[in-house]
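The next part holds the structures, each set out as structure tokens.
First chain A sits with chain B, and in the next complex the same chain sits with chain C.
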Partner chain A sequence: MVINQTEQKESMVKKGWWLILLIIIFIFAPAFLSEFYLTVLCEALVMSLFALSFNLLFGYMGQLSFGQAAFYGLGGYTVAMLIMKAHFNFWLSIIAGVLVAGIIGLIVGFFCVRLRGIYFAVLTLAFGQLIFSVVFKWHNFTGGDDGIQGVFPPEFLKSPIAYYYFILIVFLLSAFVLWKIIHSPFGQTIISMRENSERTEFLGINIAKYQLITFVIAAAFAGLAGAIWVPFYRSVAPSYLTWIKSGEPVMAAILGGPSLFYGPVLGMFIMTFFHSWVLGFTIYWPVVMGALILVVIFFLPGGILGFIQEKVNQRRERLNQLVEK
Partner chain B sequence: MSFDVLFSQFMSGIARAALLFLVASGLSLTFGVLRVLNFAHGSLYMLGAFLSYSIWKFLLMPVLGFYLAAVIAALIMGGLGIIIEFILLRRLYSRGWPEQLLATYAIILIITDLVKWAWGGEFLSISRPKPFTGAVFLFGFPFPSYNFFVIGLGIALVIFLWWLVYRTRFGDIIRAAASDREMVSALGIPIPWLFTWIFVLGAFIAGLSGAVTAPFGSVALGMDMEIIIECFAVVVIGGMGSLPGTLLGSFIVGEVYAFGIMLKPELAIAFIFMVMAVVLIIRPWGIFGRPER
Partner chain C sequence: MFLQTQGITKEFGKLRAVNNVTLEIKKGDIHAIIGPNGAGKSTYFNLVTGYHRATSGKVLFRDKEITNLPAYSRCNLGITRSFQITSIYPKLTVYESVLMGLLSHRKVTLNFFSSAKKYFREEVWRILKDVGLTDQANTLGDSISHGDKKRLELAITLGTEPELLCLDEPTCGMSPEETDVAMSLIKKFSEERGLTILFTEHDMSVVFGIAKRISVLHQGTLIADGTPQEVRASEEVQKVYLGGTA
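And then the complex of A and B:
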């Protein structure tokens, strides 16, 4: 795909307008939404951050992680345990959550980046389940299957609206940082590893090192998502670390379109709101999600944004052909 | 530590290894030929266990009931295998592996909810079938004789798969397809048909092994995840798609688990992962596996 410079700039300006409009909508959203939908919106934002962290690995590095929820859960558990057991400061707890997720990510990633493709997926899944089973079985320390309840944010963040703005700010800053990472030389190197790892290696780039750094960044942002979610939800449970949870960002990326930065966000918003709607009349959400996955795989390869982009490109090509005639 | 304690732990490790081989061999066989990692293999195993429970209850036959129920459940799972392969996987062979993986992941979600809806969240169990109700004494130490039934079944499956893969024409085709699919297809052998049969065989083995675990008293939701994670450890250690590797991997994981439980029960599964980590550092593609690409 060849895009010339001016066209790229033009589309960036267009994208910029969309973003500003969206941010304005998000800032005024609490005025129009009931408390229930505000909660759903908070969840959608947190899960979108989680999905963005996952897509750094999947969409850009080209490796499918099936254990990303372990880091999300670790971030959440760190915050819950520090606040509840050590009476730690809220902000320090969140930073600690990110650090713990990043450090465990470094250990897990050390093994995982040795593998590619399906092997990478299996190993991340296995490590994810290992972390889950440690949390689940270590009852004295983590509360086992009861989880930890009663995790409160500081006084000024206790109202849902205040916490919504907190989540929004964290999400926007994180998305900006991730966007910057992807568009930095480092990010371009990751993408080139996905496109052709042998050629990249011949350029003198240590692939394992770059992949490990990416893995740690992804783990840290997943940890951040978990860390800011738990004080809002007031509790944490082992189900946060299971591979069912790990499947959600995979699904969101496939649904929205993994090749585009905002694809997973769109996918996660659709999934979260769809989820809260489906739960209104059935408890069998997983079967709905399973069916949805199959529908997307068979009928929407490339995801929603991928589909739209393809249509736009086709139209542009047709226009170009008309101009040439 | 006395000899009999170690020996008894070793024997329970062997029984676990046999069970792991029953499940992991189907997973490995499917991956070796189709190059599709069936995430839902554990779900087929779980569904097989629940089905055999219901069939066993329906039959109400004192001796034959269990064996009949196990075979019927396995046959039903084989039938389900045809449906899954025909409707879903067949359309995805030309696509990337992430889509194939996700499709089998979707099957997990659907089967889990199906089981929850049909059987609920209770723990079910089948009483041990005759003549495996009692204990066998080895070196004066008692072992459940049912364990020996599972070990025997594991050995029978090893021999059957070895015979199938290395001693039959079908096995020649399997091995040829595993190494060069296009060439086999060019020789006029219908690859889609081969894939269906392999997947059905895998599903049949999964259902059978699920039915066989029922007398251990652990038919419940979540048994699928428990076994599949250990099976992943087995195939990662042994090498994905390799039958000797799966056998060795099952043995290692079964024994590590058995002795791990003796040392520290909560960390038994963690010990498995430590072994896996060591293997991965030395041979990232497993002991008997071949490097990708």
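And then the complex of A and C:
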């Protein structure tokens, strides 16, 4: 048994070597990235957290949410308003951002989780736009289309490098928590619901309840992503809550591969870096992005990471067959 | 009283699919519901398991009224079912599928941070061994044979450790050999685990080979209920099955 456990740990290290390598690269990234690309990296990490929260619903529970940006924006607005208007403590503001997103997620989710498929998607879209409209029109309270500017983090987080490490830590911890949730009995339950909700209900699972819990978790993590982004960007605007923003994690998941945990992260990294690079020579970014999505949907239906995984598995099988021979 | 339906009726528009059926299922029995196509067997099943709500009448389980309980609550009380069209998890492994039943029944599905794979290993392997799917534990649900899928569904339902197992056409689409295996499995579970089994079936040799009690539905109405001998001797049943209805 002891030997067995050590073997298991060794195989985990073998499987996770690329992850360890990536984390090391992230830790040393500020040493070799220009400030511009460090900013892009920060955005990629925050948006990846946003995409991971979305993929809990899409990739794991099997429901497409088209209003996830509302929670991202709510997290951001809560932080901005608390810091600017109420002169709240930075850390408490971040926590409040998560809470507000989670509570609104509970209210919106209460209505949405009764539906599935396209109806779920449309209702999340409707609620998302509703929340956007409130933020956009309520000028006295939210600043309307001006948004809120001048949101600063505490002194020691003001440099991009310091804030980068803050984002990195939040991202890694959140990704770890989400990873744990997906592999827990709760995660197994929502995956089963995705695979066959009728069978799962007839095993004694209250589908709506589990959908609601997942919805709230996803909303809270989206809120966290928005909450840590705003003090870095120093401002928040209503565009954070629009359906266009909600579409970004959808595209990232499809691009990277929704069935793999890190798929949406890869998708978001490609989108964010590609975006800042393409903007250097054309303003027609949506055309480029559209073409990229088309290529992936037609040629790599499991997403880029899904494709890589498939090739790795095939190679492993061939090697195993050779060894057996 | 284990399971009882009292004057249960289900109407779909003008069609009365199940008409005033009063029936008792005794604990430990293997109880078959038979009848020609469209007799209301599946609808009756759906009323017991919570797939449909009754238009009128009552369903009682262990003297508790469950007529309006949702399906998942009935499952938590100990009523689990299989479906006529095999309902499994195509993209989960056989092992994970069986585990799901156990996770749900043992109420650990609100556990967020421990690894699901650590739970109930012994129980899953025991169920897999019982139904003969040990070798396919790591195969995906949709890549096993039809007969194995039926067995997998049985294994998944066993994970919920039911008291009443409702099987809708458990041998539907199986070869004669597979049918024999499946039936002897069902008999074994009834004997070893004290499971009560309610099943519908169109194959009469299967029904008379295994059922301790048989109820016959015809056009939604219960026309006979008794031991296999009694049912075989019933004139009305003979009329229905030998085409006397024309």
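Criterion: the second predicted complex is superposed on the first by the 302 of 325 C-alpha atoms of A that agree within 3 Å, B and C clash if a C-alpha of one lies under 4 Å from a C-alpha of the other, contacts with A are read in each partner's own complex, and residues count from 1 in each chain.
Operating definition for what follows: a contact is a pair of C-beta atoms (placed from the backbone, for glycine too) under 8 Å apart; a residue touches a chain by one contact, two chains touch by 3 or more.
Quantities reported herein were computed from a predicted structural model and do not represent experimental measurements.
Enquirer: Scan A:122 for contacts with chain B and chain C and give back first, second, both or neither.
Expert: first
Enquirer: Could you say whether A:180 touches chain B, chain C, both of them, or neither, answering first, second, both or neither?
Expert: Second partner only.
Enquirer: Considering only the touch criterion stated at the top, classify A:138 as touching first (chain B), second (chain C), both, or neither.
Expert: Touch partner of A:138: chain B, not chain C.
Enquirer: Classify the contacts of A:200 with the two partner chains as first (chain B alone), second (chain C alone), both, or neither.
Expert: The answer is second: A:200 touches chain C but not chain B.
Enquirer: Which of the two partners, first being chain B and second being chain C, lies in contact with A:31: first, second, both, or neither?
Expert: Touch status of A:31: no partner.
Enquirer: Please work out whether A:189 is in contact with chain B alone, chain C alone, both, or neither, and reply first, second, both or neither.
Expert: Touch status of A:189: second partner only.
Enquirer: Now for A:322: first (chain B), second (chain C), both, or neither, which partner does it touch?
Expert: Touch partners of A:322: none, neither chain B nor chain C.
Enquirer: Shared contact residues on chain A, chain B side and chain C side combined as an intersection?
Expert: On chain A, the chain B and chain C contacts do not overlap at all.
Enquirer: In the complex of these two chains, what residues of chain C are touching chain A?
Expert: 49, 70-73, 75-76, 80-81, 83, 87-92, 96, 99-101, 103-105, 108-117, 119, 156-157, 159-160
Enquirer: Given the complex with chain A, which residues does chain B contribute to the contact?
Expert: 37, 88, 91-92, 95, 97-99, 101-103, 105-110, 112-114, 116-117, 225, 229, 232-233, 235-236, 240, 266-267, 269-270, 273, 276-277, 280-281, 284-285, 292
Enquirer: Where on chain A does chain C make contact in their complex?
Expert: My answer: residues 180-181, 183-189, 191-192, 195-196, 198-207, 210, 213.
Enquirer: Can you list the residues on chain A that touch chain B in the complex?
Expert: 58, 64, 66, 111, 114-119, 121-123, 125-127, 129-130, 133-134, 137-138, 242-244, 247, 250-251, 254, 284, 286-287, 289-291, 293-294, 297-298, 301
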